[in-house]
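Some structures are shown below for you to check.
Below, chain A partners chain B and then partners chain C, in two separate complexes.
Moving on to the complex of A and B:
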């Protein structure tokens, strides 16, 4: 574990490295004859976000360490830059041959801890992320996330960072949502006390209106993915939609524009009955968060089997309702509901019924041919739900392929073994003969 | 230790299996028994209802063949063994079971039980309690409402009335247990403790499977026996402390740690000092007192976010109080809360020059040879 003499300067060199890299890629893409506008817009969003984090770290502006589902609309409304300490590491993994992931192997936590959580522990220990002004933790959806924040507070550079914990209730009754809205209200008070920033309700209203629009557009993209054939490749909307609504600054109109761009393309393709694949043969539900190796896996599924992952838990948006912006109370309640239903927090937080109902609904809505349950090694609650998943799929009469892997570490189950597993499954179920 | 005590014998025997003569007598006389996991559900509620609270264990389990269809290999072995015993009918002496959301593994025991006819037909009372995962007045209020629901459910199902008077009486009874257990801990401060760490764990485990008044009687006898016990004059090679979670319930595990000449003189365990360090307030609204105890009065559990500094201090202060030479932390494989805690403890103790050994293990005692070697090597560093 390293210690930095200048806590606020921790992570700065690393973030300069990120911004330099993204600028370089952007520059190359902009000069190419046919740049992909979606890729360009996404990289610009990423760069802007990394530059803002860097600005906070270098100039002492309020920076909050958060996690997804931590009421992201609140932070821009208070003029606080949020960041999740694993986000940028994760984004840059494929561009750096998974260096941080490999380096995280040296971390003293046991290997059975979620690869993503280990990487986030490594990031703070090694000073790869800036020390925030405040830290907001959430006690759900998994044990590891809770104790990761505990570990961070034991790091000498983070020990004095004022911290607040959001504790959503296990169940999802109207009373539970009210309780969590109260937690968000208490978080606002905490942020005001420790950052000197004030909540601006008009600004919050603007952020929420924009994020409402983002969720609406994202949902429409997903509606298009119900079409047979699916207009876009595996995982596309889940990756971008989740990133824009939960991981970049909430309510950024540039994010909305990017989603609208994707929607326009999807609608056009649906209208023309044009699929991403010339001949779509197999439609898959990925019952978990999406992996980091989406392009490699999605590309192989398409090329080898004419298969596409049309939906996953990360991209499931049908249950989100627009937030009522009439009053402070209505906004906080809406943010509470949205946060408690964010991907994985929704399926992993409470009783198993939600997981079963979501699989059932997704299989029906998206005309799914088979379910992949990747059994991410970090999702221990889901691993304790295997019987329910098997039974649900049996009742729905859709074949299930369940295995144990890491969504964030391709070494856990090497790609060639995963491909072999999937190929055998397609052959055994005869889905591959379509 | 060479201490002779009938009470110790009875309790040690009770820790070796799921049932014991006192439990069977209770059942024979028509008494009800409700199981619960770990020490986060107030046993006082059951006692006040005239029900015997039974802390769940998987003592005697030999495999997880049946539960493997429900849980994966990356789930905690305590949970898998415990659910396996439920499936095999080994826990059919229970009339009810209370589960909670302590961790990602345990909370699914409830979901899996609810849909398994072979379990629900034998154990008709099932209840789930939502445990808050942070401290605060709002969380105390919420947890109190959860206890209120459990109380109501117990009253309806078992046709009993849990009055405030009965609850206050039960709080006093359980405080007596904690006080007597602390008396035993006090005696362990002696140069040569009159009782080994393994025996103490047996005393604490055995007591969670018998009527409370009877257990208190045995504890009282044991305290008196220990006070006058003639012990071996040889000082232990090292005074050890064990830190760990609720899955450590096998005294043989502590025996292994003590096999290299050291004696476990104290601990920060769930079956141990963490659970007995404070009493429940005996005045005021009893349900509020129980809720407040769980979240504020007792040493916090790893489940409560941002409380490790308090646990670290508890470990350090206890180590000083008991003149401990080295601390051994233990976590079950795949248990994220405790594996992180091991690291937090280590990072806290080592700069303070408190020797620390971190061990990972399975619920069933295994890898004894390797563990002995590690403890032996650790003991060498204590010289």
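Moving on to the complex of A and C:
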């Protein structure tokens, strides 16, 4: 077992590369005449997070490998730095011409395995991430993610890392949430045992209060995106909101400030009836997690078609409730509900009705003109539900474009082919003629 | 007001002339080297059929089909998916699923009660399930396109053709003939194989009745029968030639656009 006192040097060189790059970009932006404050704040958050991971790796501080939806509020309350081994690779992909994605092709996993899972497997096998003190996983959102954690235990550096698997129930009754709160309680015990850290309930309360605020602000941003025209570009709120609540340290007040900046801008634009596009023509629902190539696709949709992806599964926040911070039990129950309703964990677990109801609600709430179902090759469970999506869209009278791609590998369906598909669809449905 | 819709496919050019929602003429010509030449020939033929003096009497022309972008005299271009949906809806307002099998591609289109496209699936990358496939199979069976359909309809025991790729299927058909296979059963097997492929595409967009069949291959009764057997649905017979559905849709759009350009509202279709 790797203990908190042993230095964990794997991945250190790579994380130094990350922090150097982000510092360089930040430096350039800070010197520019009109730096974008949102971009600056986001980069500072990213840098701080990467520096904390590096600090843990270099100084033997407790570090937990987690996945999204793994009760992220718990870790800062216990003084444990969480990280998802895919996250930083993903953030730096576009800055490095997708080098890690291409290198991951060498991994002997079958070709039909999700590109994200492949990259995460590659990251651990090649020592691109630090060896954690503990590893936490969940039996959802997908089988591949669970198998990935098993795979990691075959890596010599990770073989002895103690692991814990959270098991959410298939359905979402009050009893199911109670059961999952019990799972989180067991996870806390596991973390205490293997990291030597203790749960600090006062700290947990502070983290939860702050994360409540983050979810509230994020939801307000999404409320603004209901406006016609949409005040911000495609995917913006999902990319940032999801990153702050799920991937950086939960309850970080700096994350809240960033969300508040975005909200202020969105509210101002809605008030002025000012859209991101001078003439918004098409409003799209992206029925999945967002892709890694959001800027390229979003930019083209805007320029070529006057189209905006106004919402997606990651940005669907209206079902989240604030967590009651009165007692330990109420906090754990609230965290359980929130975790079980993270994007994909919500739609990929349980009955297909959740998927149908979510699409129906999003189409109505966000005045959607058409639905895109990208058929991510790793989301075989959702692809099996495409018939239900089709029927739902037909009932709602909104055209559906469904295709097969990888949300995390733009080579799977090259951008020019995707653009051709979308153009054909907009022409055929006459949405492009508006 | 007279308008035209030109559907410039890979094998044929189709033109429909409309006057106030009434079909004045509908022509189909074989491809003539370039889409522009094909369009000109089909238009001239349509003008003659409608007993017009010249093409200049046409107020607005809309092109569709793969060659539409290469014809300079058309006022506008519209996707063939949209045009097939519109034409099919005009001929049969209860249509909800259009199966279009043309010379070089095939598609299945899901439409709403107004004829608008909701969803579609296309095979545009290989010849399987298209007119080209039937041409290759007819060649292997030493018959023409009319005869292959007639042969299939006479079969009592269709063989199973395992290949859907036109190259491999041709080899398979030759092999079956060499081992004494009955041409009628082989022809029926070919039609069943294509019906299976179309059935896969139908399932991608949903099989919602009423179904209609358009494109040149819609005149193939054996394919229609194989599709009906596969889907368990009756495919509605159109009152007009199924090959002109796309051109008709384009003409309907032309009428709408010309009406709008001339400030005429509520154009009666």
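As a working rule, the second predicted complex is superposed on the first by the 427 of 434 C-alpha atoms of A that agree within 3 Å, B and C clash if a C-alpha of one lies under 4 Å from a C-alpha of the other, contacts with A are read in each partner's own complex, and residues count from 1 in each chain.
The rule is short, and it goes like this: a residue touches a chain if its C-beta (ideal position, glycine included) is under 8 Å from a C-beta of that chain, and two chains touch if they have at least 3 such contacts.
Values in this document were obtained by computation on a predicted structure and should not be read as measured data.
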| item | value |
| --- | --- |
| Which superposed partner A:399 touches (first chain B, second chain C, both, neither) | second |
| Partner chain in contact with A:150 - chain B first, chain C second, else both or neither | first |
| Which superposed partner A:387 touches (first chain B, second chain C, both, neither) | both |
| First (chain B), second (chain C), both or neither touched by A:428 | second |
| Touch count on chain A, higher of chain B and chain C | B |
| Shared contact residues on chain A - chain B and chain C | 387 |
| Residues of chain A that touch chain C when the two form their complex | 387, 390-391, 393-394, 397-402, 424-425, 427-430 |
| Interfacial residue positions of chain C with respect to chain A in the complex | 78-79, 81-82, 85, 109-110, 112, 116-120, 122, 204-206, 208 |
| Contacting residues of chain B [partner chain A, same complex] | 69-76, 79, 101, 103-105, 107-108, 110-112, 115, 128, 130, 132-134, 136, 138-139, 142, 302-303, 305-309, 333-334, 336-337, 339-341, 343-344, 346-348, 360 |
| Chain A residues within the chain B interface of the complex | 1, 108-110, 112-114, 117, 137, 139-140, 142-144, 146-151, 153-154, 163, 165, 167, 169-171, 179, 182-183, 186, 348, 351-352, 375, 377, 379-381, 383-388, 404 |
